[in-house]
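Quick one: the structure is below, questions incoming.
Chain nomenclature is as follows: A, B, C, D, E and F, assigned in order of appearance, with residue numbering initiated at 1 for each chain independently.
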């Protein structure tokens, strides 16, 4: 594996230098993206199955009633959790989330939280009781760029989500009232730097070859950013990545908001 | 704990319209994942289950290795959103038990002695759960093993029978599992009908057990036909692609 | 150890083929069973020390007050926990229960729970308060067939158990009111398949040699079953095992209900 | 936290009728377990304690090995049902500390240098607890080591003294431990009287300490006689059996 | 979650009297710990942070080793008493993320290829926290690496910029972080100004981002001067001692 | 490291036999002790930074409101936690406290608890609500005798601690009312036995060389003792250690109570 990874890394890098990508995409071209909202709709309160090329992520939303944070007593609560299931890659292991899963969950969380996408004020029930929105990211097949697939899945699942019926201090499972109040559609877009070129949506091989990556989650503004990898970025590269992210997010947002 | 009375069979039909000896609808897809050595997706009633196989591969940690045969490990996992009340991530005692008996069941058919010191990992993800998930998981895992090209003596097919409203029926769905009197999930080697997994809870007399057992074996035989068809189709698809 | 295990396995298998067992038992013969109820009666609310041949298991019952499950608000709660103490076998390690201990606890749990042995309705105290029955299985010496020794110890300890006095929202430790309401005596009986023969109550050496085992917990009906091991069973073998289990359970039940 | 006043000594007698310098009743059985290399069971007042020894054996993980001597490890464990309020399974901080000081105490007497790279594991299970369990555990463990045939410079015997109702007494039981003023558990090499375990908490002047210390050493000496008798009996039993 | 309005800038001055482009006071000490290979202490506003480096040294467990270069690991830890509401000991998700991005940032400058198979461990302890701790930690860690004599291409210097009350300002303190609109912590290679760490949250337009970015780089440049001065002083001190 | 440790051990032992110590201290002489109270006073409710020679420990006090123990419903609660931070020694690892950290925390705890240093009755707020005093020991540089440095830091930090303002069921962070009620100043003093000599305050090298150690925490009486190490102690050695501990504690107490 190591030697294969090394050779592929080399091959990918040389291709990029010639202005090409392994799968013939342009530098600013996303892989084929499919979103299947309501995929596990019989049990989850919201869900979306995302295929980004060969990367597959399923995101489920579970609503529960809980306590608000003391410093925001009338606001609902969102919590994002990511599981890199061992079926998704030979490098993933069973067990509690490691640093990769933790970073993934936190970057997706920030994009949603900082854009104010969930109108948490509307999740207030009564004193000391608010709706808690669990966003569970389940990575099933890891073929590169998990962050975007997960972030897209998360906002798509939130758009699919409905609030369960709540009567006599009890949740009536299987029955719902209204849609979860979502105010905007934050979209993460990740670029990678390989051989001093900035490309969009790296696949698995490109991730082996990249020096660094930059994720930019946007609505009408930038809401979250995260650099990854041991490489460096120059100011122009960062600004390029931002421009590319705004651009790609438009098409993705249309798809996420559709069907 | 006390199970309320609930009329689960009316005019010979069950809540979802099935006859007592009728399976829920089953759909199997082979080779649905890119990274895994083999994989399968099974929809069975409202259950949605993915299984993936990695290996034979180097087994870590080393002290687990067996110099006479491969070690087959299995992880059965319920996604947090697969059930109505969110399940906390991580293994609970039920998952640990199902993982153990599933690994034993699959080890019965895989030719482990061909790969001394190696590991074969089977991962079962329950994406949506509606009773009988261990049978669905084993059914999917067995197809995934075949898709991975791992030599097996036979295909494992699984199915449950149980007793609801006093009657022995095949393949309980959620309401029947919740309010029924007993559940008997089994898995068999498809051709010889020998049982490789058997668990039971509830109340059954010896005679009821025999009836339920034979009904479940019969169900598993039907499941096997669907597995076979899916595998055949996937092989043909490959041929056509090629 | 490995080689010794291998040779013993061989030896046991050949004996069985000749219709014999290492300790001269008949195929349907249980080892000597001794039950000492109230063994740790100064502190536990119920207890039983079980010797099944050289296998030793101590089960203790601790009663506490807790909340009922939401779906059964007037029922008491039982929870079974098993610890394979490292003193019991060179193969057991300290730490949280592994898959063997988990299976053991769950099989014992099912036998008791599914037979309705504990009349949980009588464990109701007041709204949101019920008795919680902790069944703690402590395996001290593992010489085969832990499941039966543990299951027998659990029901014996339950039969020994008394409910503590409860006054002013407090448990008065050391004082008890009535016996724990137990309605029947589920008994697990395990058979093993070696060389296509079905034998009862396998000891340690027979466990090394067995292809599979089948546990059947019975009252007047079957209440729980569990197959173990990587071997297979034919229908006749399963039915044989059930018949043997019903038969053996009678003698065991008499012993458990005695003294 | 505040300890209520309670008259623990009346007319020179303690709650259970003992004199200040009197031990509780002690019963020791040797070789009670089949799988362990050595074992012992001790009843001491209401305490019931099992100790087992495995080894010398291969030590895992490897980085723990010492090329100059064996490593003796100890796990002290309180069974959930051994105390009136159920103890959650698993080690708590108290058990971790007792395990550490017990391992150190036993390492003082075992001839570890005879088994470089090996491990010797001592397991202490408190089945019923009624004050003084670490002394009971060490007393049992020491006999189990002898039963395992592991060479020792001396037998470790343990006993506590303490102060209750203003007086220094031997071998506190539960009520005395709860409502007393201080507790001083020690363990000694039986012949030389050198201390191998010493802990203390409460309030003692230097003079009170000296008195309590000497009382505890004296108690340990009595314990040693009981250990010796039990070991002698077990050797004789073996001879008779043979 | 909703951030209340709060006037964070008044008459061009911030709550603590700073101008928008002004850093808090920074004090750096080099070589403050005895056991570590290298260490540094940084006071930055009310932040108090220690960093220590061990290595290059043997890396355990073995499977983490890289035959082509050293592996740099980082643990960022918030002491329980470093924040007003006590933090439970042990890593939380925020610490895990900061540890990861800090290790990546430092790996950019350390000449890891000089020490194949080795490990370099960087420990960052936040003793008192008042916003910007990841920048303070990286700044300290970089000085500790230099103190340990580990060859680097450049020194990493870090600083944040952000938006409060509609204005882009340098180096947010606690109240500004809590009630401000966004935060952009970065770390750069001091000479080339290439960014090695970049995170951001809140709301910024592209233009605001550019302004904040350049302000933060400028802040980091000032931080670098303080780092350099501290390192120089420590080298001179050593000379004088010698 | 091992060989270096072995040689140093030898060297230290031979020196001791000649009546000398590596750093020229007398056998009953403590290393230089510096205590900086209020070190992290902007956030913690109490703190002290202790330098004992090259050993550095920071102790912080955090006050919170919680429930009392059922058997002492009007008493506040103290809990001591120790973290041997990996920066303090090449032998410390990240992760939950091991046996060394656990012993450290418990010995410090006992010295404070058994002397009654905290007047817990004064920490009662109202029914079911009392102040909880968290004592967090952070070992930063381990150059020998962590127990004394930690125990001294703990009592110094407690003497520095103030109780936060509490209004309308809320803690007002950053504002304090009165000092934490501390009634006495328990001081731990550790001696080590090397080559049959008893020395005070062992440093790192002496800890490698010692056969055993004995910690004695005193006020006007002995409040806690703990022997460590695989060596033995004779009665005279124990009594010597007690005398030395009382003696050293006087000077240390003056320093702790000062500034």
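Here is the rule we go by: contacts are C-beta pairs under 8 Å (C-beta built on N, C-alpha and C of every residue); 3 or more make two chains touch, one makes a residue touch a chain.
As the structure is a computational prediction, the values presented were derived from the model and not from experiment.
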{"item": "Path length in steps (a step moves to a chain that is touched) from chain A to chain F", "value": "2"}
{"item": "Farthest-lying chain, centroid of Cα atoms versus that of chain C", "value": "E"}
{"item": "Pair from A-E, D-F or C-D with over half of its contact pairs in common with A-B", "value": "C-D"}
{"item": "Inter-centroid spacing, chain E versus chain B (mean Cα positions, whole Å)", "value": "51"}
{"item": "Inter-chain centre distance, chain E versus chain F - centres from mean C-alpha coordinates, in Å", "value": "31"}
{"item": "Chain centre separation in whole Å, for chain C relative to chain B (CA means)", "value": "27"}
{"item": "Chain B and chain F: spacing of chain centres that average the CA atoms, whole Å", "value": "57"}
{"item": "Touching two or more other chains - residue numbers and ranges from chain F", "value": "none"}
{"item": "Interface hub residues of chain D, defined as touching at least two other chains", "value": "none"}
{"item": "Chain-level touch network, classified as line, ring, star, complete or other", "value": "ring"}
{"item": "Sequence of touching chains round the ring, chain E onward through chain F", "value": "E, F, D, C, B, A"}
{"item": "Partner chain C, residues of chain D touching it in the complex", "value": "33-36, 39, 46, 48, 50-52, 54, 57, 75, 77, 79-86, 89-91, 121, 123, 125, 127-130"}
{"item": "Of all residues in chain A, those that touch chain B in their complex", "value": "39-40, 42-45, 47, 54, 56, 58, 60-62, 64, 81, 83, 85-90, 94, 96, 134, 136, 138, 140-143, 173-174"}
{"item": "Complex contact set, residues of chain A against chain E", "value": "69, 72, 75, 97, 99-100, 102-103, 105-106, 110, 113-115, 120-121, 214, 221-235, 238-239, 242-243, 246"}
{"item": "Complex interface listing, chain B residues touching chain C", "value": "1-2, 93-94, 96-97, 99-101, 104, 107-108, 182, 184, 189, 192-206, 209-210, 213-214, 217"}
